[in-house]
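Below is one structure. I have some questions about it.
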Amino acid sequence: MKQRVLMKGNEAIAEAAIRAGCRFFFGYPITPQNELPEYMSRRLPEVGGTFVQAESEVSAINMVYGAAGAGARVMTSSSSPGISLKQEGISYMAGAQLPAVIVNIVRGGPGLGSIQPGQGDYFQSVKGGGHGDYRLVVLAPANLQEAVDLVTEAFDIADLYRNPVLILGDGLLGQMMEPVEFRQSTPRELPAKDWATTGLCNHNGQKNVINSLVLHAIDLEAHNIHLQEKYALIKVAEQKAELLHCDDAELVVVAYGSTARIVKTAIAQLRDQGHRVGLLRPISLWPFPEDAFAKVMPVAKDFLCVEMSAGQMVEDVKLVVNGARPVHFYGRMGGIVPTPNEIATQVLQIMGVK
Amino acid sequence: MVKVFDCPKSLTDMPTHYCPGCTHGIIHRLIAEVIDELGIADKAVGVAPVGCAVLAYNYFVCDMQEAAHGRAPAVATGIKRVVPEGVVFTYQGDGDLASIGCAEIVHAAARGELITTVFVNNGIYGMTGGQMAPTTLPGDKTSTSPYGRDTKKQGFPIRVSEMLATLDGPAYIARVSVHNVANIVKAKRAIKKAFEYQIAGKGFTLVEVLSTCPTNWGLTPKESLEKVQRDMMPYFPLGDYKDIEAGEKK
Amino acid sequence: MNSLWHHRVSIITGSYGSGKTEVAINLSLAKRSFYGNEAIVSLIDVDIVNLYFRSRDKFEELAKRGIHVIAPAGDLRHADLPALPASISGSLHDTQQQVVLDVGGDPAGATVLGRYQADLPEGSYDMILVVNPYRPYTDNVDAMQRLISAIESKSRLRITALCNNSNLMGFTTPEDLLRGQDLLGELEVRTGLPTAFVSCVPAIAPAVSVMLPNVPVLQLGLYMLPPWATGNNYAGEV
């Protein structure tokens, strides 16, 4: 048989995590990500790992906190409403600098919303979500091979910076099937987890404490400054974006995840008709790929941001473009996935083509 | 000369922040003595709560994690699953365990999670300023039950030990008190048994300790100890509620 | 009857993601074209484990092609509730109807069939196990055999035949089906179950027919395509 396996998005993410050394998974059922914990519950015992179905998303993320604090590679997954419940724990993990990978297979919102795909959790993912000044590294794959590769890398990024990493997918990505290949990522040199609470006998009798409480304002500010310095490093080192046909693009469409794939179909059609349209696809949503924008600015006359939301990432696009070019927006909500034709029509309108 | 009394090795030499007359200090000491006697300091991992014991991670000479409010049993679950050879305990108050963390403690117990919980019940929120707790006695005045806890409007106290003893996951559930020397001795015996059961892999263990809060009760330390015996013990009777080696009691 | 089915009722089962829905839709269409416009062909969507890419999503399109899709009504089509319609039993008993049951994947998805056990006496149906060896947990004959007994135990029905749906979506070559048939051949020997048909897209069907001359081919028009796909030969790449 070939090395490629046909997998569903949720399964592929789970398998990638296991191959990245994740041996602990704590989760709670919610549609449309159930295949992920289901796959984990079947696969982890085969590799000597542990799966626990928690009593709630709140408990699940706190189990992740405990396991990460004990030095394990650990993951949890959920979908929008469940991710909201996890925000408390995520903030504590960011504060206590615990590495873990969290997967959000986004559905329509707000509230109970729907089980159809959405991108309405962008703000929650990149602007905080929980309380306090913190950042998650947010990676948004657009196909299953990329999902597999990014999950592998996410564990390294988490361990390298001692910070939670969020994989932001959507229902479409979680539910669709594609052939994938599990391959090694470029190995990074990772620091030893000498801070983990595994018992004094495991680290030369020196006491380790996992904690986010800092009572004295001066000390808490120092802790925050340390976090901000770390985020600054990440901002320089971990930006990821894909540029397609941007060399001569007068109009650059900005889209991430599943939406970017639909945009690609639209761009192929528009290019066939001779229109100079390109795609800037942020892969890291935080850090936002500002460097990629700098590359397309000299030629681009307009930007069009397309999202399955009322317009969230478009705010970051505007911040980066900073008034230098018009930034347009097109979005669908409620689980409606835009079609390539809809997007092409928007592009032609902006370009003034009848 | 023979030294007959000393600080347990598993307690740091940092002075605790607990108010004079509060029994948290006694309970800390009992845990530390048990850790010493069982020789498990080098593989113990404790989880501190949010509540008056929030700084407990400073006082034990073992690895510690500070949990979000009520989540200590979930955090302990994560630790124990990663370090199964470790001895994992949570230290939680009544607001933390019986109110905001009710789901976490019930399910950790139901899973038979191999951890030990020391549950300190003083019937009040000490940390945040004396508000009503899930274990505040009917009629008791607090800063959020200024007319006294009215059971028609504010419901009834939760008897955690009795409730958890109905589950199959726990191996040992006991309620003890530290209001006098005889009971302190019994409390230590219970805590030690809980840790021993955990080490033997028998199941989830919890020791509920009736405790005082002179500061927020507005009582002298002596009056506080009397209140434990007079008011709390009739509502929260002492004893073993579950012991899989002895069969169920009460 | 023809070589793709022996009974009025065809039950399409298999592991999760093996391609059951595409097979079920295309088998319904084959029945429709075989029996002509007068025949009632019902495609019953009892997939209660999947959420997206279900037969019910093609309700209108299939109705135009003469297929009666039975699935939860109205808003319930978009819910993650089982909400099985009452008319399912009626279709199973109506001897005038040709029926295809699109079952959810894995033993979990097959469990729902147990509820219809009384409506499906042995010998009254074909129950076809769709196999794609490029999927995890069905990549070897032992695993396939375990799947058969698990599905039979949960559904309380007997699997009667196999479908070779070896594929890597748009990357599929005729050789992939040939390799898949090697495994199915061993499964045939072990279980006594015949391979009812192979299924593949029209582009490679002629080559597959040459390589596997003794097995009928069910050509698959693809219905469960993602929104960015434009043709039948969706390659699964960005």
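Order as written gives the chain letters A, B and C; numbering starts at 1 within each chain.
As a working rule, a contact is a pair of C-beta atoms (placed from the backbone, for glycine too) under 8 Å apart; a residue touches a chain by one contact, two chains touch by 3 or more.
None of the values given here were measured: they were computed from a predicted structure.
By number of C-beta pairs in contact, the leading pair of chains is A-B.
Chain centre most remote from that of subunit B: C (centre = mean of CA atoms). Mean C-alpha position of subunit B lies 57 Å from that of subunit C. Taking the mean of the C-alpha atoms as each chain's centre, subunit A and subunit B sit 40 Å apart. Averaging C-alpha coordinates per chain places the centre of subunit A 34 Å away from that of subunit C. Touching of two or more other chains is recorded for no residue of subunit B.
The touching residues of subunit A, when paired with subunit B in their complex, are 24, 26, 50, 52, 54-56, 58-60, 62-72, 74, 88-89, 92, 96, 197-201, 205, 207-213. Taken in their complex, subunit B has these residues touching subunit A: 41-45, 47, 54-55, 57, 61-68, 71, 74-83, 85-87, 103-104, 106-107, 111.
Residues 1-2, 4-8, 11, 15, 31-32, 35, 42, 114-117, 142-143, 146, 171-172, 175-179, 258, 260-262, 264-265, 335, 337-340 of subunit A touch subunit C in their complex. Within the complex, the subunit C residues that touch subunit A are 16-17, 50-53, 78-80, 132-137, 139, 167-169, 171, 176, 179, 226-230, 236-238.
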